[in-house]
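Below is one structure, written out as structure tokens; comments come after it.
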Amino acid sequence: MKKINFFYRNVIKMEIFKTGRMWDLAIFIVFFALTVYYLDRASKGKPLPKIRSIAALEAIREGVGRGVEIRKPVHYSFGPTGAVVSGADVSQTVASLGILQYTAGLCARLGARLIFHLPNQPFAIPLLEGAVDEAYLQEGRTEAFDKQRDLRFYGTGSMVFASAMASSFMDDGVALNILVGRQTTIIYPALEAAKIQGAINIGGTARWTAMYIFALTCDYIFIGEEIYAAGAKVTDNPYMTASIAAEENMKYIFLAILILGLILTAVGLDIPALFKI
Amino acid sequence: MLIQDQIGLVVSAIMIVSQLSLIVGDNFFFRWSTRVVIGFSVMHALIWGIYWSNRYAVQPIMKGELVWIIPFVLGLMMYTRLTKKWAWVSKYPMGLQLGVGFGVVVVSMIRSQILDQIKMTIVDLLGASSPYALLNAVLVFIGSITVTTFFFFTKEHTGLLGKSAYLGRAFIMCSIAVIWAGDYIWAMSMLAGQLQFLIRDFLFGLVLGGA
Amino acid sequence: MVEGKKESIWDKMGSIDYRIIYAVFIVMLSIPIFSPLGIPMKVSQPVQDYYNAIVNLPPDSAILVHSFVDLSVWADTGPILIATWKTIWDIAEEKNIKIIAYTSLSDGALKMSDLLLDEIKPPQWRADSYGETWVDLGYIPVVNEPVQASFAADITSVAATDGHIYDVGSEWVGTPLLDIPVVKDIAARGGDPNVINVYDFDLYIWGSWGCTSPDQWVRQFWTTGNPLYELPMVMMTIGNCVPNVMPYYGADKPILGFVPGSAGAAGLELLCGHKGEGIVMADIGDLAGIATVFFLILGNVSYWGKRLFEKEER
Amino acid sequence: MSTLLRKDLPTLLIAVLGFAIVAEWFLPIAALSGFKTYLGVCVEIIYRTSIGIGTVYAFTSEYAQWRRNRTLQQTLISGSMFAMFGIMTIVVIFYGGTESVYSAEYRWFQYNIYQPQSQAMYAVMFLFQCGSLYRVCRARSMETTVLLVAGGAFILSSIPLFASFIPGVVELGTFVSEGPSLGGTRPANMSAAIGAIIVGLRSLLGKEQATMETGSG
């Protein structure tokens, strides 16, 4: 069957945009328009869809409460290389920051001690430290967080991070251990160590490779991109909810592209070549 | 064998055994060996950090490439985070990094992680050369749809969506299982490597075989 | 369970002390170290493709090699790197393959300098023609994505000079990149002769044990560029990244072949004919495999036994 | 003035740089491409320069730990960490400043302390995984059954003993990873990419709470 290729030939002559980026641009514009539309709705106070309940978020509240009861600290970590700020995984950092602020806020309010294991990336420390500060400030208890004692840094070895966390669980005890962000599988021993100490483990990542460690060891998990939704849900900020609504619509669009593309290719249009525009 | 190599073998063996002792639970040796290695790791990071700032920023600036003063000063501005009063200054270098990050994320993922994936799903399905390839492609296609429905957040998972999301969970678990199995085999060879070291190099090579 | 009731056999089977499990695995993994089993191996398709991509390079090709060294996973990935370099060194002189190599981790620079003097010593003609047929840039921190992008567009932006640290070709250390003949030759191949970028190469051999790295590198080396350029790659990785590499693996896809962990390294060693640690490591895993299956069955027998036979008692 | 310097300008900086990089992606302007390359190296320099912040917290947290608990055991533990700081400083001072990273002495520490620890932790990881395998992989529910079947098939196919003697195991393992597993990985990555893009856009538009208000305290 002869494939129809006319779109491709026409567009390639345009010089205004880089060749091979037309689809990217079109999709980007749709993304942008949808986000702006929903953010606009949010700023005007129009109703937005509700985000479904995410069990792990409820568990954080319980876990912090338990920490106060049994007088053991809450541990939070982004993982050894979890705080990417200038690569594509930056979104996970941001999502985790939301959950960190939520946890820190709870700790400040209920009076639990928060131990924050800084990732191997010193370049992100100002951002992370700022998020914790902010949460404590909002609860009006800036003095409750002892930075000198509870901000931990372990150098650049990834495995050093896992064993240092395990060691910290032994030293300080652990009631609740939260690992959200761009995680790697090598944090696994730390999760098991927390479990041995009787802690509640909550974890999640959008980095698919590391998902299994949470499925095996955690009491509650954020599966894949649930962390983005969770990050939006905890803040109760309409802008955040709005962007989740935009995201849902993008998913419909991509499902449609997939199915339509399949049908059109089946009837003879060269969709894969079209994607090269 | 040189004396420093012999000492090295002993130290390595001590480090390995102390770290392996995590499996029996809380103990002094694990905590001790961890601190030793943190000590090294922190200094390692610092030394390489200085080495690279020197090579990438300081030396070029000395040679007159003044354009690198900006990132170098921004890097130094990060340290204001350690003070209370000037902490906000560190938001500028942070802003630069985040700006670059967000800029990269919003455009670069569209092609490789979305469009190309859709393209491959279609091509695999329609261009399948054998019944086996077709079966795989169909499974991937079904997975693509059901797993996407699992990630709908604004709708409760009931009815048809619930069934689709349930099937999606099965695909998700399958993917998790394979990643885990791969990791399992990999970690197994890591343990094998350690045992090999302890038995072949340390026990036979040093203790029994003599130097 | 009713209080005081005796533990049934199913309960016992289902709740073995972990320390026993650990001990069983340690013993099972130790036995082959004392006496190797020597079980024959099969070469998997991705490894075959990896090997073919390297040995079937057309004459006068240029390859970019990322020497993937991470000391923390050395036991698993070291054999791949060694087998890969041995494969590369085995390519005949007549084919005139030009090589630019680098490492992306600080550990790697140190380890590579030891390796290139000893285990993966270049053949004499390569050692004599350093700078003309191949060059090793040493450590370049190309880990983060913005830097990868810069690297793809212009290699000199992150590596201004030759920075390797071992004795082979040490007279070239510190030479600006474009003054090195081999770099000049490669730069002249495509587009602007004064810029060396990834478009000038025919194959990229690289490794990572970060499983999202395929996404990053494919983003930067396969889909970036104007005009659209597609640099074929082969990859050294670890076992658990297989699902992440799979979406990109295939003859017309970015990644032509890959070697997953020491099990894959064993296959590569068989193909290139230099037996090494990979085969030893694969051999060690056999008995532990039996233990794995045993415990999987035990856990399930316990669960189903309890469920089927203890129903009436409740 | 205060919020302008502390909040608005950094947010603006994020947006300007972010959209500049977006523009570079689509428009064939050489200057923009050069700027992007420059930014990439800038980021790298900031990374390297800022490592000292972490070092400060590594010191203070361990010191605080020791101050609260001055037992002999803790003194030994904390002491060995500070001793390592000291030893590495000496190595650096006596073996050629920062160039000492290439010295044999520095390498000795790397090969004999750092490398064995990392590898041993993976070994620990394997042992813990054996425990999980035994505990979790029981056919209790749909999820664990899939885990058992798919994971088991893949493990068997990766071990030469089974691969050589049980026919069909390799094919089964390949099928699992190329079919159903890819069916899970591909859409999960796609969904994650969509989520990531939306978070990125939200932040570029200055509506992200986590980055917007950070450090205003």
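Every chain is named by a letter (A, B, C and D) in the order it is written, and numbering of its residues begins at 1.
Keep this in mind: a residue touches a chain if its C-beta (ideal position, glycine included) is under 8 Å from a C-beta of that chain, and two chains touch if they have at least 3 such contacts.
Computed from a predicted structure; not experimentally measured.
Grouping the chains by touch while subunit C is set aside gives one piece.
Of all chains, the one whose Cα centroid sits at the greatest distance from that of subunit D is C. For the pair subunit A and subunit B, the distance between C-alpha centroids works out to 15 Å. One inter-chain figure worth recording: subunit A and subunit D are separated by 14 Å, centre to centre, where each centre is the mean of the chain's CA atoms.
Note: centroid distance subunit A to subunit C, computed from Cα atoms, is 28 Å.
For this pair, subunit B with subunit D, the centres built from the Cα atoms lie 4 Å apart. Residues of subunit A in contact with two or more other chains: 18, 21, 24, 28, 31, 84, 86-91, 120, 122-123, 125-127, 129-130, 133, 153-155, 157-160, 163, 171, 185, 189, 207-209, 215-216, 224-225, 229, 244, 247, 251, 254. Among the residues of subunit B, those touching two or more other chains are numbered 19, 22-23, 31, 34-35, 37-38, 40-45, 48-49, 52, 78, 81, 87, 90-91, 93-94, 97-98, 100-102, 104-111, 113-114, 116-118, 120-121, 141, 144-145, 148, 151, 172-173, 175-185, 188, 190-191, 193-195. Across the assembly, subunit C contributes 18, 22, 25-26, 72-76, 106, 141, 144-146, 149, 211, 215, 219, 223, 226, 239-244, 247, 263, 282, 285, 292 as residues in contact with two or more other chains. Because contacts link each chain to all the remaining chains, their graph is best described as complete. Subunit C meets subunit B in the complex at residues 18-19, 22, 25-26, 29-30, 33-34, 73-76, 106, 141, 145-146, 149, 211, 215, 218-220, 222-224, 238-244, 247, 253, 260-263, 280-282, 284-285, 288, 292. Interface residues of subunit D facing subunit B in the complex, by the touch rule stated above, are 5-6, 9-11, 13-22, 25-26, 38-56, 58, 62, 73, 76-78, 80-85, 87-89, 92, 98-101, 108-117, 119-129, 133, 142-143, 146-155, 158-159, 175-194, 196-197, 199-201, 203-204, 211, 214-217.
Interface residues of subunit B facing subunit C in the complex, by the touch rule stated above, are 23-24, 44, 48, 52, 100-101, 104, 108-109, 111-113, 116-117, 120, 175, 178-186, 188-196, 199-200. Every residue of subunit D that touches subunit C in the complex is listed here, in rising order: 28, 33, 36-37, 39-41, 43-44, 47, 101-102, 107, 110-111, 114-115, 118-119, 121-122, 126-127, 130-131, 133-135, 137-140, 148, 152, 155-156, 158-164, 170, 174, 177-178, 181-182, 185-186, 189. Partner subunit A is touched in their complex by these residues of subunit B: 19, 22, 25-26, 30-31, 34-35, 37-38, 40-45, 48-49, 78, 81, 87, 90-91, 93-94, 97-98, 100-102, 104-111, 114-116, 118-119, 121-123, 125-126, 141, 144-145, 148, 150-157, 172-173, 175-177, 179-180, 183.
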